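Consider the two complexes below, in which chain A is the common component and chain B and chain C are the respective partners.
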Partner chain A sequence: MKFITIDKKDWAKGIENSRETYRLFGPVKDKNGFLIKSLEDDILPDMDYHDSVMSAKSVLFPQTEKMLKTTLDESQEDHHIMKRVETDTSLRAVVGIRPYDAKAIEIVNLNFDTEDYRDPYWCDAYKATTFIGLGINKPGPFDFSTSTGSGPFSEEGLDVLLADLDDKYLAKVLTDKGDTFMATCRFEKVADEKESLALFDILRKEAENNIVSKIDTDKLKEKTILDLHEAPFWDDIAFSCINCGTCTFVCPTCWCFDIQDETKRQSSFRIRNWDTCMSPMFTIHATGHNPRDTKTQRVRQRFMHKLKYFLDKYDQGIMCVGCGRCVKSCPVNIDIREVCNMMNSYEKQE
Partner chain B sequence: MENPYLPYPVRIDDIEIATEDKSLKTFKFVFLNKGDEEKFSYQAGQFAELSIPGIGEIPIGIASSPVEKGFVKFTVFRTGVVTSYLHNMKVGDIMGIRGPLGNWYPWDKLENKNVVIIGGGFAFTTLRSSIIYMLDPANRSKFKNIDVVYGARSPGMLLYREELFEWEKRDDINMHITVDGTDDPDWKYHTGFVPQIVEQNAPKADEDTYAIICGPPIMIKFTQPSLTQLGYKEHQIIMSLENRMKCGIGMCGRCNIGKELVCKDGPVFTLEQINQTPKEY
Partner chain C sequence: MNTCINKIRELSLELLEKGEVEKVIGFANGTIPMATSPIAVTSKQDIEKLVFNSTCGLNLANYLKQSLKNQKSKIAVIAKGCDARNIVTHITENQVRRNQVYIIGVPCNGMIDKVKIASLFDDEITSFSEDGDTLTVKSSLKEEQLSKKDYLRENCSLCMHRNPAIYDALAADLVEEQTFDNPYPDVDKIEAMDSDTKWQYFSDLTKNCIRCYACRNACPICYCPTCFVDESGPQWVGKGQNKTDVDTFHFLRAFHCAGRCTDCGACVEACPMDINVRAFTRKLNKDSFEMFGWEAGLSLSKRPPLDTYNPDDPDDFIK
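Right after this comes the complex of A and B.
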């Protein structure tokens, strides 16, 4: 395992060096708080951020994305024949991504890169992206990532993991992609492996000890979908929900999308947009029939998808990384941690 | 990498009004590029996204049969934005087809079995595909008895009428055509709802008999007890579901019933499978 020390005074120069090869994304503060955005020239990732309002999901899966295009002008030979829009598949790097958000990318990847079909827009972006993570020394009160198979120094989905040591970063290089990025930055000061491992271990334990928020997921697997679906608590959970969709919007693992055609003059585009299972429009049939007509059905769908359907389908844990964004952002204080614990401890009354 | 969102360009080759109220039309498409027809190789029971640039896409069951070559056919009910637009399109217009999508009726499992096909209203499209497939000289010997119960509101609302009456004359398929009601004194087939006709005419179940049902939810709901009474077990009842879809390839997330995605894991399920999932369809 290769470790590299980066003096913070060399940081800006190194990041500038990386721009020769990479388009950069990272945490930037605006009036809404921290967001993961494209870092235009001279803008450095704000590495002192705590939690970002949105995850890095949009770097690979933009909120709005053109997929196909055509012309409706019948004087053109290829009118009404759809073609893929040209997408920028040049190398990009997300600098300062939180470990739980990197795990979330791996979860979403299970949906878009399957044995049967590969979503080319996601797969091309995924292939082009290098993830430079930043360990979380002091996890916030909403962070329950240690109960979801992630954690403040989790390495899953990352190419490099950085630890902030006040005057310097210690970088753990996890993949070849990460190694290439570090070389492009010309961060070359190799640190002692044994010492670095020990240091990471201390930081990780300290950070994990700071996490007080936990969920139990151990019994979810053994319950049946139908038992959980028919459990008596869903009306109570959904009671205060206003179906605003904020939870799905801020979630780093929510991947659902809508496809719409948009036409301007004779140019037509097929576009996908993030969608939300909280909206009745999500499932309504053309006949007017709606299989998830009530808000209880929709709230149940969201939690069942994350905590049961996904678990059963992939056998790779739950579809939640414990970032706490939905808990923090929900206007009516619906808390996935409570719902998860209710589901986990539910015993069907015979 | 193949782009699963990219439709094959097709030309509308023929449009036929399918029902007397003109709410259904059958569209015949030919592929613009020679190789695409082969890539679109499908099985009876699958569906495709009909893709109209600038308007959108709709998932529709494939009504033509794998044994019919040179074209694909879809019978479409006019109901939403895309289907209404499609109903106003003309022969010669260019659009797209994306697919084939989803699974199909379990043809391997149905070999050497009796097959009972039950359809209602305009949900007869993939059943037509199936009947044509089974009656093909190369395939007929693979199946034992074939019974078909098909009902519509009135004689003029039956799809594929000419074919139905042709099949009625054959001795290798037992047709039980019915209408809810008619004032035609010469109507020589059944009158009554599908569940009742099933109960009176469908063969009793043995281990070698399977039923395929496709129809509006209300018909399915009332046909199930009739089949149970005839001895059909949950695994012998095969159904095709519909849900709102966008991607058709299991990614956009809306058509799920429990952990199953109707577009990719379905649309064909046995009643046994459906009974293991929340009934969100």
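Right after this comes the complex of A and C.
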């Protein structure tokens, strides 16, 4: 395992060096919160941020993405034939991504890159991206990532994990992609492996001990779908829901999209947009029939998907990384931690 | 405001026990600091869940239609000044009938601006409490004692109708109404901009919009069964992040609220991206006020300016 020390006074220069090869994305302060944005020109990632309103998923899976295009001009031979739009698959790096957000990317990848189907837009972006994570020394009060198989120093999905040591960063290089990025930055000061491992271990334990928010997921697997589906608590949970898409859009693991055709003069594009299962539009059929017509059905669907269907299908934990964004952003404070605990502890009354 | 909760619970209990209402719609404590969540209380044992404080910034009139199951049902609702104005609007727009709602009016001293308070801290707020005008807010790094009047939401600091316009019972004594020489200083500022600056101002306002529609869905007057942005045959507006489509949503929604918006601030409260959605509706409120002397939701007997016609109308174009 390779470790590199980065003096903070060399940080900006190294990041500038990386721009020769990579398009950079990272946390930027915007009005009242932080967003993960493209780091244009000389903008540096704000490494002191405590959380971003939106996750890093949009770097690989933009809210609106052109997929196919065609021309309606019938004098053209290939008119009305949809072809893939050219996408920028040049190398990019997300610098300062939270470890739980990197795990979320891995979760979304399970859906977009399968044996049967391979989403080319996601897969190309995924291949082009290097993830430079920043360990969270002081997790916030709504971070429950240790309950979801992630954690403040989790390495899953990352190419490099940085630890902030006040005047310097200690970088744990996890993959070849990460190694290449560090070389491009010309961050070359190798640190002692044994000492670094011990240091990371201390930081990780300390950060994990600071996590106060926890959920129980141990019994979800043994519950039957039908029992949970018919549990009596869904109406109460759903009462306050206003059917907005906030929870799904801020969620780093929600991957659903809707496809639209848009035409402007002679050009036509097939576009995908993030969709949200909280909206009645998500399931309405062309006949007018809507299998998830009520708010309770929709709220139940979101939690069942994240905490039961996903778990059953992939056997890789729940579809939630514990970032706490939906808890904080929900206008009516529907709290996935409470719902998860209700589901986990639910026993059907015979 | 802290003491009115006892009266709210007492009234609610009485209504439920006498069987006068099926449920009481109010606020319950949230799971994180400065959060409350709308709740429907149907039984005696849940009465204690009802709370009322300066974080109850959503508008409960938004929950009326969905909660009235049939023609005969009757529900009680906790109503601040703005909630009550929206109940009036619901009644005048034939969405609910007066005899279907029992209004527990709560004279209001304003709700807090959560974003403004959060911006004082570099880390997450871990606790919030209030005692009269004093707010105590803590994070892991510091504790702040704030005066509530300095941290009111903008709509609350400019509110002229803190007392409910209609009610069946009051949970506290009426409060003194605020009066202003100029109730629309924020709109004046925008009106004074030249058109380029104005365009830039509104472009900046919507630039982070994620089209989650929390503003629309938190709004009690946005009750259309299918919103124009959700229509698919014909489709009026694109659904993506194209700027024109995003702005079209905001502009058209605002126009649909003309003469109906009570400036309750639920849209701003709900927005996860902290967009001041009110900037769109305030100008229309000002116009309604200046042209028609109209403020929405104050009277059950007056018709809104945009659904009436008067043969004496001073404008020629309409005759």
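As a working rule, the second predicted complex is superposed on the first by the 349 of 350 C-alpha atoms of A that agree within 3 Å, B and C clash if a C-alpha of one lies under 4 Å from a C-alpha of the other, contacts with A are read in each partner's own complex, and residues count from 1 in each chain.
Assume a residue touches a chain if its C-beta (ideal position, glycine included) is under 8 Å from a C-beta of that chain, and two chains touch if they have at least 3 such contacts.
This one's a predicted model, so the numbers in the text were calculated from it and none came from an experiment.
Colleague: Chain B versus chain C on the shared chain A, clash or fit?
Modeller: fit
Colleague: After superposition on the shared chain, which partner residues are touched by A:Q297: those of chain B (first), chain C (second), both, or neither?
Modeller: First partner only.
Colleague: Applying the touch criterion given at the start, work out whether A:Q63 contacts chain B, chain C, both or neither, answering first, second, both or neither.
Modeller: Second partner only, chain C.
Colleague: One more residue to check, A:K127. First (chain B), second (chain C), both or neither?
Modeller: Neither partner.
Colleague: Under the stated touch criterion, which partner chain does A:N111 make contact with: chain B (first), chain C (second), both, or neither?
Modeller: In the superposed model, A:N111 contacts chain B only, not chain C.
Colleague: Looking at the overlay, does A:H229 come into contact with chain B only (first), chain C only (second), both, or neither?
Modeller: first
Colleague: By the touch definition at the top of the document, which applies to A:Q260: first (chain B), second (chain C), both, or neither?
Modeller: both
Colleague: After the superposition, just quote the angle formed at chain A by chain B and chain C, using C-alpha centres and rounding to the nearest 10°.
Modeller: 90
Colleague: Which partner chains sit in contact with A:K328 here, chain B, chain C, both or neither? Use first/second/both/neither.
Modeller: Second partner only, chain C.
Colleague: In the overlaid three-chain picture, which partner chain does A:K189 touch, first (chain B) or second (chain C), both, or neither?
Modeller: neither
Colleague: What is the minimum C-alpha distance, in Å, between chain B and chain C after the two complexes are superposed on chain A?
Modeller: In this superposition, no C-alpha atom of chain B lies closer than 6 Å to one of chain C.
Colleague: Taking the contacts chain A makes with chain B in one complex and with chain C in the other, which residues are shared?
Modeller: 258, 260
Colleague: Residue numbers of chain A touching chain C in their complex, please.
Modeller: 30-33, 35, 50-51, 53-54, 62-64, 138, 140-142, 239-240, 242-246, 249-250, 258, 260, 262, 271, 273, 276, 279, 281, 295, 327-329, 331-335, 337-338
Colleague: Of all residues in chain B, which touch chain A in the complex?
Modeller: For chain B paired with chain A, touching residues are 1-7, 9, 32, 51-58, 79-80, 83, 93-96, 217, 242-244, 246-247, 249-259, 264, 276-278, 280-281.
Colleague: Would you pull the chain A residues touching chain B in the complex into a rising list?
Modeller: Residue positions touching the partner: 67-68, 70, 72, 79-84, 111-112, 114, 116-120, 123-124, 225-226, 229, 255-261, 263, 268, 270, 272, 275, 277, 282-287, 289, 291-292, 297, 301, 304-305, 308-310, 312-313.
Colleague: Which stretch or stretches of chain C touch chain A in the complex?
Modeller: Contacts found on chain C: 30-32, 35-40, 58, 62-63, 66, 115, 118-119, 122-124, 126, 140, 208, 210-214, 216-218, 230, 232, 238-242, 269-274.
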